[in-house]
Amino acid sequence: MKTEIKTILEDIRDGKLSVDDALFMLKTDPFEDIGYAKVDLHRKIRQGFPEVIYGAGKTAEQIAGILGTMKANGQERVLITRLGEESAETLSQTFPIVYDKISKAAYTGELPSPDGIGKIVVATGGTSDVPVAEEAAVTARFFGNEVTRLYDVGVSGLHRLLSHKEEIMKASVVIAIAGMEGALASVIGGLADCPVIAVPTSVGYGASYHGIAALLSMLNSCASGVSVVNIDNGFGAGYLAGMINHMEAKK
Amino acid sequence: MKTEIKTILEDIRDGKLSVDDALFMLKTDPFEDIGYAKVDLHRKIRQGFPEVIYGAGKTAEQIAGILGTMKANGQERVLITRLGEESAETLSQTFPIVYDKISKAAYTGELPSPDGIGKIVVATGGTSDVPVAEEAAVTARFFGNEVTRLYDVGVSGLHRLLSHKEEIMKASVVIAIAGMEGALASVIGGLADCPVIAVPTSVGYGASYHGIAALLSMLNSCASGVSVVNIDNGFGAGYLAGMINHMEAKK
Amino acid sequence: MKTEIKTILEDIRDGKLSVDDALFMLKTDPFEDIGYAKVDLHRKIRQGFPEVIYGAGKTAEQIAGILGTMKANGQERVLITRLGEESAETLSQTFPIVYDKISKAAYTGELPSPDGIGKIVVATGGTSDVPVAEEAAVTARFFGNEVTRLYDVGVSGLHRLLSHKEEIMKASVVIAIAGMEGALASVIGGLADCPVIAVPTSVGYGASYHGIAALLSMLNSCASGVSVVNIDNGFGAGYLAGMINHMEAKK
Amino acid sequence: MKTEIKTILEDIRDGKLSVDDALFMLKTDPFEDIGYAKVDLHRKIRQGFPEVIYGAGKTAEQIAGILGTMKANGQERVLITRLGEESAETLSQTFPIVYDKISKAAYTGELPSPDGIGKIVVATGGTSDVPVAEEAAVTARFFGNEVTRLYDVGVSGLHRLLSHKEEIMKASVVIAIAGMEGALASVIGGLADCPVIAVPTSVGYGASYHGIAALLSMLNSCASGVSVVNIDNGFGAGYLAGMINHMEAKK
Amino acid sequence: MKTEIKTILEDIRDGKLSVDDALFMLKTDPFEDIGYAKVDLHRKIRQGFPEVIYGAGKTAEQIAGILGTMKANGQERVLITRLGEESAETLSQTFPIVYDKISKAAYTGELPSPDGIGKIVVATGGTSDVPVAEEAAVTARFFGNEVTRLYDVGVSGLHRLLSHKEEIMKASVVIAIAGMEGALASVIGGLADCPVIAVPTSVGYGASYHGIAALLSMLNSCASGVSVVNIDNGFGAGYLAGMINHMEAKK
Amino acid sequence: MKTEIKTILEDIRDGKLSVDDALFMLKTDPFEDIGYAKVDLHRKIRQGFPEVIYGAGKTAEQIAGILGTMKANGQERVLITRLGEESAETLSQTFPIVYDKISKAAYTGELPSPDGIGKIVVATGGTSDVPVAEEAAVTARFFGNEVTRLYDVGVSGLHRLLSHKEEIMKASVVIAIAGMEGALASVIGGLADCPVIAVPTSVGYGASYHGIAALLSMLNSCASGVSVVNIDNGFGAGYLAGMINHMEAKK
Amino acid sequence: MKTEIKTILEDIRDGKLSVDDALFMLKTDPFEDIGYAKVDLHRKIRQGFPEVIYGAGKTAEQIAGILGTMKANGQERVLITRLGEESAETLSQTFPIVYDKISKAAYTGELPSPDGIGKIVVATGGTSDVPVAEEAAVTARFFGNEVTRLYDVGVSGLHRLLSHKEEIMKASVVIAIAGMEGALASVIGGLADCPVIAVPTSVGYGASYHGIAALLSMLNSCASGVSVVNIDNGFGAGYLAGMINHMEAKK
Amino acid sequence: MKTEIKTILEDIRDGKLSVDDALFMLKTDPFEDIGYAKVDLHRKIRQGFPEVIYGAGKTAEQIAGILGTMKANGQERVLITRLGEESAETLSQTFPIVYDKISKAAYTGELPSPDGIGKIVVATGGTSDVPVAEEAAVTARFFGNEVTRLYDVGVSGLHRLLSHKEEIMKASVVIAIAGMEGALASVIGGLADCPVIAVPTSVGYGASYHGIAALLSMLNSCASGVSVVNIDNGFGAGYLAGMINHMEAKK
């Protein structure tokens, strides 16, 4: 963005731009205000990835409005997370979205060919963690990553995990998703030699406290290379994993 | 104890005992009141194990008083836990105690020959958990159990634990002791086919919250056969493990 | 399991098995992957007990799939916990399950003759704790234990509990189940001379915080021989009690 | 106090008092401002009991200042709680205080003859709860109550408590003091037919969380007639017990 | 109860009773076991008040069963709390209950003439606290107390409370009921010269955390003579207030 | 109010008022008791603002009753917050209310011309915070303030906020409303040179714990001039902002 | 600051400033980097108040370095909060600071004449809250406000507070400081017709949890016009009160 | 590691290795047991990085023992974190360690030339966060990364951060370290287009609860690409950042 500012300043110097116009540009350009939301149109330039719409707590109409604004500004590839089935139905009447019921994620546009450094492994402790895992997997795929799924490999039956040691050892990034006691992240963290993103889930009952047990467990992991995102935040893990899987030297 | 009550009742019926005396016996017999404590003298009869003195928060004088009362009533084998070094010093001038600095446990009398069903394995996640582990081990040994120590086998280096899989598989009871994320209990719970007693420790920092992370993790263990005692409660684990290791049919 | 590994290694040495096949066996054999779950088929060998399906958060179809895989692999006796009434209805059309509405547990196969060391007593503080108690009782019975039920013996009317002192004194293991202040575990812990497994329940209101009060109370029990499982975890308590009630020397 | 206000108003009507003077009286009379504290001189009239100085967080000089102001206003009988030994030493050079090291309470003036309805029983779960119990006992005695002490009668050895059932049944009020799991309050609540004031103490370790476990346990007591004061608040319990033990019809 | 035990013992001595029969009486008499509950029939003798049925979590059938057992044993006056409207409807077809929709309490039998020492004041901070207040008021009335209601006198409009200072000053016991910040208990505690029972309610939102804010506030009250019961526990407060309002010397 | 009291006292002195009548006025005048509520009629005099009805937990009938009492006493301008749509419907049949569905606020009477010192800026982190923001905005407008809305200016896209730096710099008071991590308050606090009222919202999931994360974040703001109100308390923020925006020297 | 940016832009346009120099100015000017801190030199311009040094966690040397940088840039009037006595001693050897031991605050330069709208009242519940109160008072005075202190006016002796009703009614802003149950803020909030800034303190014990009880209580205040700052944050309250007491229309 | 296992298996097949020897190798080789610790000697092979000794809770003697074992096995480059000054002193008498007092980290061996993808930026909110930041910076440097430090750039003075926007935009990984409200992570997360590792610190007071406020804030960050490690865990952040900064395709 610095370059962009510099260009504006140079345009002022060169008389191509008035001071007031420059001021206006600096302030109003990067997003469009559609009342209930300020749609960010420069994020791709600024951060290298397309915009994502967080669907929770937005009506189908609001989502359609934001999506329309994006399309009108040339953004074809858009991911929508936490989109209810009904909203997806409504939305699909206007936009050609691809919707996945398990992850509750949808997208428009073409999926890019995977071009990351390696593969992202998405592992879960149990079957109930799968919706969160799918949110992570769909997100990672959307941002151009190849994804390997290892579901139901919780530590209470260690052989299930150990039989997949090879996939874990070869992974570029591992996303370890678990509720209850969340031990999966530590065990994978001890096996893998790549960054591990731990996602606590709200799966469990009693003293799991909707994910607190897993969250605290993961934050205290004795394994190195493990970091944590919010409870049930599959999107955040998938996004970050994709970012890491696309690391390269900046010019 | 029922038998005892019945004897008293029969003695009343048979005129061997007056009603008031019986009432007195029922109420005052099983312990001796030495002011600051009511020393329980019937627990051995009632529960099969000798009395233990919990040393924390008691002065050396108070402990000596309780110990003296026990001895005077014929109880030779007494365990004292959480005994500070200074108190141990003081106590050792009057009583022939054996004191262990790491576990802060002491005992009087002869250690019994181990006569349990099998061996009790005491495992820890790290080096800092050892004091709690020693409290458990000394307690278990005091109550007649053979103990195998597996220290520093935390899950972040899984091979350290897996190389001891045999001891774990052969154990009669396993005591799994860990701070931080407490994942050790779940992993051992998945490997072992015997009762696992999990002891969270206050080892850790930040979001370990003095053992809460490990406690919640252990309570939510996805492995079956795991139960939990209080944070840092090595004694409780050792005592219970000994009880389980001496299971036999009651007459 | 060690023996099994050794057999495989010996087969390699003897040329009966290729290295790659051995590697495959070591990794893939003990469970079957049916997509949404990895069905554990060796647990019985590894841990001495048949597999249990935790029904919460699984659809009737998923449960049927897992059950079918087990049956196909010769596992006749299967316990299903936390099974909703509707799912039970669906399931019963394909499998000959026995379903209990109060505990929400079901099983297939014949119940084994009780062959434990003694009896397991399941005690509750109040009437509302009964569903958790029944989950414990059904589980214990399923794993071959004789069960005695003592319901509504909470400490606020101590005589109700004391009138059953004999059952408690004669028990092999006691499962003490209570919500609210959870004092039952401590009082029973003081009476019994066997392992006591405390189960806090979410019964109560206000400052009971869905079981936290009982959980903390039980973890801090001043009685020895008491350990704790997760809130409402009747299954865990029943399973562990059964394990303890079948203690015997390993060869 | 209403009568007092009415008198002032009548004095205005009768011309005995100017409006401004009345306003002043209404506002400034009931306490004396000595800078760091507003010493309440009317509380005895207003509430039937003499003033108490809460010593914690006050210097010996501040306490002496408050005490002096009280004496100068004719208040001979004053209780000082949470008074450190050093402050007590300093204070005793100026005032004839009676100081008790265990409860850390002191008082000036004569103790009144006990004139309550009955006896107040102060019971503790263990030896470590005694300082809190003594604060309660000294306070109750200071306010004219006869006190019976039952220390170390925790529920893990129920017979110790049951052997004192008679004192409990005959009590006017029972103060039940316990740390750890705090079950004492519920058990006494079930035995007694008088008000039970529960005092959680910070005695314990690990998941006792400095009294939270006992506090929650006591708040959730399934026994009727039990209410709770703050953790370690022996004074509050002794004061309230004394109030209840002096109940009588108001004119 | 001691007398009762003594009688039994004397009967044994006098040959009127066999030992086994005595044992049976001691154990089985005071309650009747109807399967899902152990109905306490001696509580009135033991504690001076009739039995109360806590209706929450019990079916109309279970409540009817308990009620029937009581009636069959001669207990005419029974209070039922937390009784849903539908259950009340069902119950009223068999028993002549008086039901109050606001407090959700019902009773059978005649209300006794108030015979306490004085009046019990039930005060609330706001309108939303009224259901809890009515549970307290109905309970107190049921146990023979005269009740004065002061509703919506929260501290944010202090004059509303101060205009009722006289009722508060004359009360025998005050029940102070408030949600949100719970300051009412402290302010009343400072005004009243009688025991104040504080009841936090779950009224509020955000950081009130369903009554925690009020609960903590009340436990920390800087006024003396204040004790606290569980959140929303109107019954407990009414029962205890009635107990205090009937204080008299025991023989 | 002091003047008012003084007038009453002077009237007594001058014989215009009897003592009893004065007593009555002092106690009963400032509110009207309509059974379920004590309607405060002097608050306007006492605090400079008209009464507000907090609609949550009140029936349409109760609100109508309070509103009617106010109107009967001459209070035309009344704000009702947290009013459900159905209740609004019912109410509108009797009273000419203006109702806003988003903020769930209604009012009767004419809105006053804005006469504050400057403008109040209401800023939100996201779209989901808008209902809370509208409650704040409507409240502020109701009390005579001009309001500028800046919605969806959360810190993850800092340019959206910075492009509105001018409005923030010129504001008289800023209300910063955000859920999730609540960073908005700190960032605005660092930019603005006026009081900032932070409102945490319950927007978010997982470790946001219904607003705790935002609440703690805002309380710990490293920016000066920031204070905090309860979670989702738009009304409180709007009311306080209006108060500050009308600051003037008192005579 | 906008004007400042505009000036820079105009200077570019007019050829008075090169683009790179402008870029440099925009980025580096407003603070000076002295290694361990970035000293903010434009805050006065940007926010209307001089810089304050938060002394906690900084060495005397670091504070001296920051102070020296400020002085070197012409900032004479500097406030230092949370300054330990030893650091103050050290600092006073180089700088002419005025230090107050109770509040632990120091300042350099001349105190300005009070020129606010009215008076700021600083009220505390007890004597132990005074250090926090003095931090607030010294801060308010430093920023040009007249301060009235009302200490030890807690709600348990309501008359102490009510006798100062006039000061409260006449205040421009009230800072209500209390630990324990924090009810002072609500009561003052109900009396005052000006903004009330509530400061919870860590004064108390047991269930006060170092200020949580007071904090929650204050956040849930049922009085309008009350906002809250962090526990023990006297500075924040004094600063904000001063800001409100200097409200005036912006040009 | 798979390769290693395969080699062993092939050696068995080829008769180079007996079954028992293979079994021994598989189990005992990768670490050396020195009693109080199991020193991991294969981690470098397994995970690509040398071993790190976590110094907290270990005596100088224990650390020396572990270090010696490593050296004896050829590991020259070792990092020791959380090493007290005294232990460092002791250790330096035997080993040529380089010790840094601020970060409390030490290392032996040569620092490698930085060979990562880009630069790692370590940013802190304030001066008090510097020790944690230095632990991160020293760790990252130890593992071959170039580090840029941006200290004291907290969001309350946003221009301090914005003036370093270029370093942030160019970073390969940013470590955002902050206590109090922890908003720094979100703001940097919104600016940067690389992975951001957030480290909450225990810096703060009152409602910061030793880092909980910052931790929750960071977990709820509305910016994408942000993950979190434990409170004060500078090492974990530095290690993970280094791992990400060395991402490359696996063969």
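The first chain written gets the first letter, and so on, giving A, B, C, D, E, F, G and H; residue counts start at 1 in each chain.
Convention: a contact is a pair of C-beta atoms (placed from the backbone, for glycine too) under 8 Å apart; a residue touches a chain by one contact, two chains touch by 3 or more.
A quick note: this is a predicted structure, and the numbers were derived from the prediction, not measured.
**Q** What are the chains that subunit F and subunit H both touch?
**A** Common contact partners of subunit F and subunit H, which must touch each of the two, are A, G.
**Q** More C-beta pairs touching across which pair, E-G or D-G?
**A** E-G
**Q** Express in whole angstrom the distance between the two chain centres, defined as the mean CA positions of subunit C and subunit H.
**A** It comes to 41 Å between the two C-alpha centres.
**Q** Rounded to a whole Å, what is the gap between the Cα centroids of subunit C and subunit G?
**A** Roughly 59 Å, centre to centre.
**Q** Residue numbers in subunit H touching 2 or more other chains?
**A** Within subunit H, the residues that touch at least two other chains are 157, 206-208, 212, 215, 219-220, 224, 230-231.
**Q** Quick one: in the complex, what on subunit H touches subunit F?
**A** The contact residues of subunit H facing subunit F are 125-126, 154-158, 180-183, 186-187, 189-191, 204, 206-209, 212-214, 216-224.
**Q** If we count contacts the way the header does, which residues on subunit B are in touch with subunit D in the complex?
**A** Residue positions touching the partner: 26-28, 30-31, 36-38, 40, 42-43, 56-58, 62, 200, 202, 211-212, 215, 230-233.
**Q** Taking the touch rule as given, give the residues of subunit A at its contact with subunit H in the complex, in rising order.
**A** Spelled out, the residues of subunit A in touch with subunit H are 1-2, 46-49, 52, 117-118, 165-166, 169-170, 172, 192-195, 197, 215, 219-220, 224-231, 235-237, 239-240, 243-245, 247-250.
**Q** Could you please specify the touching residues of subunit C with respect to subunit E in the complex?
**A** 127-128, 130, 151-153, 157, 159-160, 162-164, 203, 205-208
**Q** If you look only at subunit H, which of its residues touch subunit C in the complex?
**A** Its residues touching subunit C are 5-6, 9-10, 12-13, 15, 18-19, 22-23.
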